[in-house]
Structures are given as C-alpha cells and as structure tokens.
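So, here's a batch of structures to check.
Each of the two complexes below includes chain A, the first together with chain B, the second together with chain C.
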Partner chain A sequence: MVNKIAGMLMLVLLLTGCSTDQRILDKLGMVQTIALDQADGDKLLVTASIPVIDPNAELKREILQAETNSVKEARLVFSRQTDLRMVSGQMRELLFGIDLAEKGLWKYVETQLRDPSVGFSVKLTVVDGKAGELLAAEHKPHADTGRYITHLLEKEAAGNNIPATTLYEFSRDYNDDGIDVIAPIVADGGSKVRVTGIALFAGDRVVMRVPVKEGLIFALCRGNLKRGEAAINLGDTIGKPEVVVFSSVTSKRKVKVHRMQDGRFKVDLYVSLQGSVLDYTGERTLREEKDRHELEKELSLSIEDKAEQLIRQMQQKKTDALGFGQYVRGRLSYKAWKAMDWRETFPEVEVDCRAKVKIKDYGKYM
Partner chain B sequence: MNEKIRPFNLAVLVYMSQVGIVVFTLPRTLADYFGTNGWLILIPCFLLSGFNIYLISLVYKLGNGRSVFEIMEQSIPKPLLYPFYMGLTAVWMMFGCVIGKKYVLLFQMLAFPTTNPMLFKLMFDILAFMLITKGIYTISRAATMFFWITAWMYLLLLWVLPDFNWVRLTPFILQGGHNQFKGLLEVYGAFLGYEISILLFPYIDRRKKMMAAIQAGNAYLSVSYINLGLVSFGIFSSDQLKQLLYPLLDILAYIQFPFVERLENLLYGFFMFLVLMTVVMYWWGAVETAGRIVPRLKRQVLAFVLLAITYGISFLPKTIDEIDAWISFLGNITTGVAFGLPVLLITVLLIQKKGEKSGG
Partner chain C sequence: MAEQHERLSLEHILHEFEDCADLTRRNFPEIGADIVYFSHTVDNLLLINQVLDPLSALQRKKELEQLLRESQFVRVTDSKTAVTGILEGGVAVFAADTVHLIDVYGPEARSVSESETESIIAGPHDAFVESATTNISLIRRRIRSSHLKVIHCSVGEISKTDVYILYIKDIANLAYVQDLQQRIERIETDAINDGGMLSQYLEDKQTSVFPQFLTTERPDVSSSKLVSGKILVLIDNSPTSISAPASFFEFFSSSDDYYERWVLGTALRLVRYVALIITLTFTALYVAVTTFHYEMIPEALLLTLAESRNRVPFPPVYEALLMEFTIELLREAGARLPTKVGQTIGIVGGIVIGQAAVQAGLTSNILIISVASSAIASFVIPNYLMSASLRVIRFGIIILAGIWGNMGLVIAIAVIVIHLCSLSSLGASYLVPVAPMRGRDWKDVFIRAPFSLLLTRPTQNRTPNPIRQKNRK
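Right, the complex of A and B next:
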C-alpha cells in the first residue's frame, strides 16, 4: 500500500515538476557557432549562427549580432532579437578575430569553461580578419558557414596537417607551464573559406603564425602523425622546383634533453617518418634503390633545415608550442623548475633536429 | 530476512556504498591539495581503509559473528549507550542526506537549472525509503543489479586515452600542494562507506570468507580510483585540474559521437545508482541503530520518521559551497566513527574475554 501511494505521488511529481525547465526542440535556438571580435572601445562584437530547423525555411541559419561587454551577456541581447530560446548546449565552434587573439583570449575561454552546458569538445579557431564577417558571409554551395568551417577543420585535423584545437586542449596547454597553445587560422578566400596556417600563442596571445605550407613540418615536430599528407619542396637546384608529394605519412617524434657544460639546455629532436611517394618532379628515378636512398637523405636534410628554421623563429617569439618545456621539466627538480622562467630560458636553448625519412613505396608504376 | 548475503554480493555492496558523489571531485581534490602526481596519495588511503577493514574483521572474529549491538549492550549500560546510538544515527542520517542533496544540486546545475531541487530530493528520498524498508538482503541484491548497470562506465575512460600523455604527469612527486592533512581527510572521504559493513554481521553467512569479500570490494574501489586519478593527471595538466570543479563531468562531456555530443547529462543519470546505494547504506545503518533504542516501533515507521526529519533539515544548505562544508564536516566525523567504532568494540570484546576467563 505504502509503495503504491509513493508510486502515485512520484508520477504526479514527474508530470508537474519540471515545467520551468521544459525544452521544446522547435522553440530552441541552438547556437552552433559563435564569433568574437574586438569592437569599439573595450566592447566585444558577438556574432552567433543558429541553424534553422524548419525544413520549409529558405534560409538554413539565422545570424545574430550584438555589441556587449561579455559573451554571455550577448545571449540575453540575442534572445530579444529572436523568437527562439537561446541555448549553447550544442555549440561546436568558437571563432576569434585576429585583433582579439593578439590581445589575449583566456578570459573568453574561461567563461565558456564555466558554463555547465558547454562541453570540452568545442573547437577554437582564429580568423585572419573579422570573425563575425567570415561567419556572416555566404559560401556557396555551403548553406551554413559555421558548420562548413567546423567540417573543414575536422577534415584538416584528420589529415594531421593543421591541428584542431578544442576548449579542452586550449585550457590544458594554457595551464601547463611546459607547452604553449596553438590554434588553426582560417581566412575568407572569396567563395571559399581557406585554412591559412597555425597560430602560436605565448600565454593567451597569438604571437606567431606558421604558414600552411610549413604545417607538416610543424606537425612533425609537435607530435606523432598517423595519416598526413605533404608536398616537400627540395629547392631549385636543377632550375625548376624539385617537389616530393607524400601521402599516408606516419611519423614519430622523440625529444631528448641534455644539460650542456655552460648550464644551458640542449634539445635533441628526433623525427622519423614513413610514407608513400605519390609524385616526384626531380631528376632521379624512383625505381633505383640508390636514387631512392639519396632522395630519402635529401628529404631528411630538408626537413631538418626547415624545422630548425621554424624553431629559431619560435624562439625569437618566445613561444614553446612544441612543448620542449615539458621535457626540460622532466630533467629538473621541482624547485629548480619553478625557479626558472621557462619563457625566458626557451630562446637560449640549443635545438638540434634529426630527421629520418623512409620511402615506404612509390605507387604502382615505375 | 532469513536469507544470508553471499560473498560476491557483499563485495559489491561494500563497493557500491563507498563510491558516491566524491568521485566527481576526487581528481581535483588530489591535484589541489597534493599537487603533482597527487593520485599517488590514493595508495596510502587504500592501505589505511584496508587496515580499518582488518579491524572490523577482528571484531567479527573476536565476537564470533555476533551483532555489534549485542556486544555493546552486554557490557555497556543502556543510559550510556543510547546517547551514543543517537549520535551514530544522527551522523549517518545527515551524512547520507547531504550526499543525496549534493547529487541533486549537481543534477540541477546540469539539466534543470530552475526546477526546485527539493523536488528531486523528495523523489530520491522516496526511492531510498522504498529500498530501506525492504531489508538488507534486497538492498544487497539491488546493489548487485545497479553494479552491473553502471560497471561498463569505466570503459568510457578508454575514450580519452588518446589524449593521455605520460609527460604531463611530470616526474615530481606531490609537489605544489597545500594543507595536506585537510586534503587527506577529504580524499579519505571518498573511501568511506565500508564501515557500515560492521552492522552486517548478523546477515552474512558465517561459513564463507566474508571479510575477504569486504576487502575485495574496497580493493576494486581503490583500483578504479587509482585508474581515474592516473588518467585525470595524464590528460589534464596539473594546473588545469586544479581549476576544474568536477573533472569527471568534464571527462564525460568530452566524449562525443558524430550525431550527438555532450552525453554527460545522460551519463550523469547513471551515477544516481551509485549515489543512491551510498545513501541507502548510511540510512539503513542509521535506522538499524535507532531501532535498538525503540525496538517496539515498526521499522517502516521508524525509517519514515527519520527520513522526514532529515528531509526537513536538508532544506537548510542551499548552495553547493554550503553542502561541501557540511559534507567535509560530517565526513570527518564519519571517518572518526569508522576507526573509533571497531577499536571500541575490540576493547569491549577483550574485556569480556578476560571477564569470562577469570570468571570461569
């Protein structure tokens, strides 16, 4: 008897309980992408893109814009512009204009982390130019620019050339004292959105860009690749560019840290990669084993050279986006590590890159 | 009531009453109080709780499996004993109550921000009430069922494994923490729950290795905690972990499928089974204890009265911070009880043995 009454009571409660938290899909504005730009003064220009669910609607998305002091405040402004209830639970992408990214992003990232309805897998991307304009622009045949960018970056990240950065990775690397944050850069390329490179951060400010053609070199130095693609230019030694196009690149990176006699650190970066050659425009023939070995050597030298150049630039900008600090930390005592300012020490580190290339195969034609 | 709990069910029951709401905050607590590689502190906690269970098994052996209430009532006068029983009842009732309320508040933050949390609390309490009145045998069977419903969730940790990196663990052992003693108490709170097994003596099969089963439950819990700790320290940087209030929720939120993401609302529901069992065991213990004071009163009525009182009290703490303060305060007392009660009982038993010898 007691149980029956309890059961009835529960049913009644279930029916009446959550009326204020009821959510009807048709009445929700599920923000898919948010773009943030620097506006006049210290204000923030927030642009949001909301997919329209109605299949008969001509437009597949709704763009809302507001100038406010905070991202979350913009949500309140938006809800006065639309008949939908704004929710951020299905947000996939955060775009930051380059002006903002050069000034520092952490406070905007932090508000997103605080929101219980925003998950760790939201992607962060830097836009070369105005993020809001890029989001609002039409890029046919893609009806929804926000989703287009998300898919574009997902695909690029799967190819390992340009890493995608999520809220999780941003906050993880920002709060780690041995590595710096990176994020992909996209730009409006007329009818298309183009991925133009990788933004390297010092703290939460963008200080350097790696152009997209050096994306693979950067990716090789930062971590292990599972499925990359690359065109490596060996230079104009024979009067025309000698290019090797690689596919199915897998690579491993190893970092070793030594302390030199003068107290400075020396980082040995070992990169080994394997891949199939799809195309080669030089003088050698791929079928000769000797030629292939020579080519492998040349490729290794070229990668070493480019990597060291890239790292030198990073040292000038004081951004340790490759995470050498994590390995230096491993060689020190806690006290010594805490006493050292890694950002200031990093430029003085001597880096030696050694690459090893293996051509796994060269296709099905001699 | 005639049926006895079997070893496997006992192990599961112990594990289920241990794992509760603390698991959401555990990695953060470890990082905050103990700094780098804070998960290592779980190992001494495991050994400590193992020792505590050893004390409980000593009581079992010395007392020949008698109920702990009988042991105490034989030697300690009732006017002394009743206030002690009342104290135990109050602590266990309230501890269960605040654990339940914390779960409800978190659930509310995630899914139903404006619904009155006390409504959820009421439903939670009704569920718990229905379980408690069914008796410990049914509770142990329900715990086993809930265990199988939730056990697969450890596999979700595999999802974040690609982001695991040994380098993030750093070679530093417990550096950069603060207030370690307070931290230890808080971490140890995550192991609490096994001490209720001291009340189970009359309900277990004396021929089987029941004490080993309690140890096994505790060991399983420790292994899964250490797993969670290690994974958390490997996927989050140490300073990041300090800022995440509920790292486990973030891990769950990171899991995504192509068609849907942010499953944590759904998954959080599964944790109700774990929290419910913890709360039910504490309340069951409290009702058992209170039953010794008023043996004439029907158990159902007693459970109802006690639950109604704590439900009333649970209106008081309104914010998560208040609840946390209550949980750590009551948790400390419960830790004291967990060690104090077996020690007291062993003393009583030794005195009784001595008396028997000199008397006989």
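Right, the complex of A and C next:
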C-alpha cells in the first residue's frame, strides 16, 4: 500500500515535468482571422489578425504578415515576430482572396481541417479583392476587422439571404457527390465591409457569383427558410417598379427528378413561400381577396423567372450549387451514377421551377 | 475482579474517592447512617425529597431498615457497583452493615435551544442538547410508540459514556441493530466525546474522506430517520446523533424539503446537486481551461478572460490555490471568532482581499468569481461534515486539473466515483439508489415528489415493513 502511494506520488511529480503542452491563456497569440492571398510566384501571402489582450493598449489587434509556401510555415514566421505563442484554436474566420479562390482552395482548407485545434465551425469567406488588405484595413468604429467580418456574416446568415459557410460545410459539400460548395463574398466598401454576393464553386474553384439582390432567390432554391425577411421586386416582370416586402418568411423547396424520353433528366423545382406583407408599393388593395391572389400569382411568376434565369447561368458555369445532383443520384444505381460525369451532364438537364407564394397576412403595424 | 471481593464499607468507598474534593458526605448520627454522593450529578430536588427529608425524619434505626426496604433503594454488595452507582448520579446510603443506592441523577444541562449549524427556515427549531436523556425525551415526544426501543451501552474505558441505540421494532432491520450494537461494544478506547467522533469509530472505512453515517442535531430529522427504518445512536454529552445506514445522497436532503411545497423541495434538492458539481469542479475547470484548453472558451468570453488574466504573474493553478487557501483561512477564522468579530472578518476578507487582490494583479476577476461561487456552493450542502469533506477534495481536483487539464479533472472525478462505489454504510451500499439501482427510491432522493407518491420506505434500510403509506384512491 505504502509502495503504491509512493509510486503514485512519484508519477504525479515526474509527470509534471512533461507538461510542456501547457497553453496558459495570457501567453497565447490566438489567431482570430487568417487571410490568404496569391503572392508572386507560387507563394502565399498569409495575413493573421491577433486580438491584443491588454485593455490599455491603443490597438485592439495585431496584424502579422508573411509570404510563405504554406499556412503552417507562416505560423513559424509569425512566432518569430511576436512575444506570444501562436495558436490557432480560437480561429473564427478564414478569408480567401479572389485570385486564390479562382485557382482552387481545397489544399488550404484541408490543412486547416487536419489541425485538431481548429474547429469545424470556422467561417470561410471569399474576398472580392485582396483578403490581406481587407483584413489589415481599419473600419471605424470597429476596432477589429476580423471580428467585424465574422459578426457581419453571422448576422447576415441569420437573416437567410447570404449563407455563411463553415469549414465543415465546405468540406462536406466538396467531398459529397452531386452538390457544389458556396461561400459568401465580401468586399471593402471604403469605410465599411460590404457583403456583395455568393460565390459558387465548381470543385474548389470559384466560377460564378450571385449578386446580393438575387441572394433571396438563390436561398429559396437551395433550401428551406425560416423566419427570414424578403423583398421581392416585381419591376422586372411587370415593367413598373413595385416592391413587396415580406417578414416572417417560411419557405420550402421540393425537388423532383424525372427521366425524359431522350434519356436526359428533368428537374422540377417547387418553391413555396409564405409570409406576412410588411410593405407594398403597388396599387392593389390587399384587402380584396381577388387582388391579393393576383399579387400572389405575379410574385410567383417573378420568382419562377428569376430562378430559372439563375439556374441557366449556373448550368453554363457547370456548378450545381443547389444540389440537384443529389436527387439525380437518388434516382440512379450506384454504378450508373459513377459512370456518369455529373458536372458535364448538369448543363444538359432541363429545369422547371414552380413557385407558390402565399400572403399569410398584411397590414401589420410594427 | 479483586475489587469485587473487597469488603464493601464506608472506609473503602472513601478510600476509593480519595482526593476527590467534590465528593459530598453527610452523617445522620441519630440513626447511624452515612450518605455519599456527588452533588453536581444529582438533582437537588430529588435529593431532598427522596433522601434528605426521609432520613432526617427518622428517629430510630428500626425505621431506617423499613425505609430502605422501599424499592427505590437498591442494595449493593460489591464496591465496584457502589462506585459506579455514585459516579452515575446515585446516593450511597451506608447504614449499619448494609449499603443501598438510590438514583437521583440530574446534572445541570443546557436547555433545549435552536441549532446553530443546521438551522432551517420553516419547521421545528429545537435541537439536541448535551444530555442524552433530554435528547431521548425529544425523540419520545415525537414518536409515541411502545415500539420505539432503546438499547443502552457504554463506551470509553475511562469515560464510561452512555450510548443509546434507538430503533423502532418491526420497522428497523434487527440485523443492522445487532451489527451496530456489536460495533459499539467492540470499541476500546479511553474516551469518546462526541457523536461525530463515535461515528468514525463505527464506520466501515475509517480512512475515507466521506462521512459514512448521517449526523444531525435536529430531533425532527432523527425521528424521521427512525420512522423510515434507520437506527439512531445517541451519545451522552453530545448534541450529535448518528443515523445509520446512510447513503451519499441523504446528505443533500434537508428536513425543510418536506415542510415546504413539493415543487420548492424538489427545486432546492436540484440546486444542491448543482452546488455539488459547482463546488467540486468550477475552480478546477477554470484552471484547466486557462492552462490547457483555450479552445474551449466561447468567443464572447475570450477577451474578458484573457484580459483579467493579463496581469497575473502566476500560472492559473497557483493563482487558484492561493485564492482557495485564502477563502479557507477566512472561513476558519470566521468559525473560531465570536459572531460579531466574525462579521468583520467577512467584510475584511470579502472586500479588502477580493478587491485588492484583483487590483494588485495577484488574481483575476473571474477566478475570484469562481472561487467565491465554489465556496458559496459548498455551504449550500446541508450537512456540515459532507460540505467540509467536499471542500477538501476540491483542492485535489484543482491540482490535478493544473497538471493534466480536463484529463486531470476527469481522472479526479473518476477516482471519487470509484471511491464512493467502494464505500458502504453498516454494510449497505453507500450509493443507493444509484448503485445498486433502485428506481423506486429516486422520487425521494433526486426530487421530492408529493407525499401521495412517497408510499414506501427507502430500500437501503431493508425494513421488514416497507409500506409507509397506503395508496389512497
């Protein structure tokens, strides 16, 4: 018994010597955001933003920059520039410059995925322009640009219009068959950071951008929405400016796949949207049931039009960001699916969109 | 043995009590009688009524013989009995060549007052005092049944302290009663001064940090334990009663759970279990997270936490141990001092040390919060012995968390759970109703269900009569 206790004590005392994996909070440089850009040659320009812990410090963050061949190598370069131990366990945001995003991102995403201290919920965003410059720029009154972008995207994602893409979603969609990756795009808008649209990927390369005003249509086609807000502009369809603003939007999408006689696939996309009208600038009286139904019909037509246009563009760029491939895969045997190159087949698919809008109520006072 | 055969005489008894200045001897020359007693162990009124008045009224020796034939006078023949009799509050009457003892025991005792350590808000406020007979009377007053049995033993080779085992026939399990009685009789030590001390002699594993019998100074708690089939041990000169067998979870229930509405009782019980977790792990978690697992900190908290740690010169373990130690110092100082000075200590400790330590950069704000809430949580646990044990264990957990982080925290918790599993109370598992699983008991352990659902006595007591209440429908 005494020997056992002595042994345990020895173990406790000796093993304390091994505790070099201590990471005491105040001695860490916790990278909040990493921005990656294409540099000269095949090199990477890595910019990291680290919050400054000292409450009396004038600057709230520290920007470190290095030109290296890999992200992890950059960490070594950074730690030579700072008195803190560089760790990536508190990373929240990965920004990619558009140059890099158009050349392919997977290898950079993969390094992050393989780092066990990086969480799966790190956000992944494409920057229209140089990511490093955006991160290094000051955007008053926001003391920390990295944090500002993170919160901006979080808020946008909650409003349903622009999806926030996490590391997990990126790798899931990238590795899955029959769906392509999407990511939000931000740009430096002078004093502010602006969300400018959605980047659609083919594989790991950005091939297409959906502008913000079509974000809603894209979101309706991609999945189900809850508690969103939506403004639908009827101007394009009926020729005169008319806007309907919905609140408490819930939408459902349904996808049906048929095989046509010539062997091509036909995808029927059903979108149904419900919401209460918050604002309406047209001339109809919503009180009249007939008028309301007409408005609903016009809205549906407008959504159908825009959706089909959007999907046609996507087909041209060969990016299936809406995930139709998954429904097609469900119709096929494994062999037949494997034999088919979906990326090449997708442009041939005939897509038919049917939208159904329902005005739940109107005349709400805020 | 040799003493017993010695001739019993006044001279002999006086010789036995030589140099005992507190011994009183009185002489009645008319009837040739002597009485010997300790004035402070006898009840004065009884002494006058039963001994002094009758003896002074006598004129002749013949009448004395007649008086001594009355049943309150017990004839003794050996000197050992006479000595014990006098020590236990008797008066020895020496007449001619016979010796009689009369019991007029009634020492000075504190009157029944409120409990300081186990006060409750609603419910009876009386508490046990230092006299076992008064304590038994407090129980008898609550349980008016001839089935309430009292076994008398005595412990302490020198002190010969009275110990009473109380149980209710047909509800308590006699095997437990016998076991407990044997354990009490087996104790060989010079003196036992308190129930808490006695309970350690009776425990299954004396080296454990956890108390294995429930000690209380509340008669309402004790009688409810008796009625649920447990056995009660009272020891003279101590207000602490022991009830056995006990389970770990019993220490987290308080008697006012039953005096208040069941919803409130249930909520309070849950609060105490949360307090258990907080007091054991909160500071340790702080240490583990700030030393090893910075990844775990939510974004909103990260800067606050890092800023508060910013100026602290020590690693988090030392910081935490320092503050925990300070709190223990304060607590101990407060316990030793009179109430009025104790308040000053609280203010000095709370404001001066807490505030100043942070401003001086010795500790972080958040650590102060975590240490303070662990300390408060430990006081939520109703049983003082249990809460003290948990506070001691906390130090071990903090040290392990400082060495191995969350891994150490988990190891510490695992060791505690394993240790708890190995404990037993009077041979019954300490972790009933969790291990072994007794689902039926849960509604009176983790929650306090309405009385209409509390139909049975706890299974741990192995009572021959498990039905507490017939189902009324």
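We adopt the following convention: the second predicted complex is superposed on the first by the 344 of 366 C-alpha atoms of A that agree within 3 Å, B and C clash if a C-alpha of one lies under 4 Å from a C-alpha of the other, contacts with A are read in each partner's own complex, and residues count from 1 in each chain.
Here, a residue touches a chain if its C-beta (ideal position, glycine included) is under 8 Å from a C-beta of that chain, and two chains touch if they have at least 3 such contacts.
Computed from a predicted structure; not experimentally measured.
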- Note on the structure: The chain contacting more residues of chain A, comparing chain B with chain C, is B
- Given the touch rule stated above, what does A:Pro141 touch, chain B (first), chain C (second), both, or neither? neither
- Once the structures are superposed on A, label A:Pro55 by its partner contacts, choosing first (chain B), second (chain C), both or neither. second
- Task: May I ask you to decide whether A:Gly89 touches chain B, chain C, both, or neither, giving the answer as first, second, both or neither?
- Result: both
- Task: Give one of first, second, both or neither to describe whether A:Gly119 is in contact with chain B, with chain C, with both, or with none.
- Result: both
- Who does A:Met30 touch here: chain B (first), chain C (second), both, or neither? second
- Message: With both complexes overlaid on chain A, does A:Gly263 touch chain B (first), chain C (second), both or neither?
- Response: neither
- Item | Intersection of chain A interface sets (partners chain B, chain C) | 21, 89-90, 92, 117, 119
- Would you pull the chain C residues touching chain A in the complex into a rising list? 289-295, 297, 299, 302-303, 305-307, 309-310, 312, 315-316, 403-404
- Item | Contact footprint of chain B on chain A as seen in their complex | 2-3, 6, 9-10, 13-14, 17-18, 20-21, 89-90, 92, 113, 116-117, 119-121, 168, 171-178, 323, 326-327, 329-330, 333-334, 337-338
- Quick one: which bits of chain A touch chain C in the complex? Just the residue numbers, please. 12, 15-16, 19, 21-26, 28, 30, 51, 53-55, 87, 89-90, 92, 117, 119
- chain B to chain A touching residues, read off their complex: 36, 109-115, 119-120, 122-123, 126, 129-130, 133, 163, 167-168, 170-172, 175-176, 235-240, 243, 249-250, 253-254, 256, 261-262, 264, 300
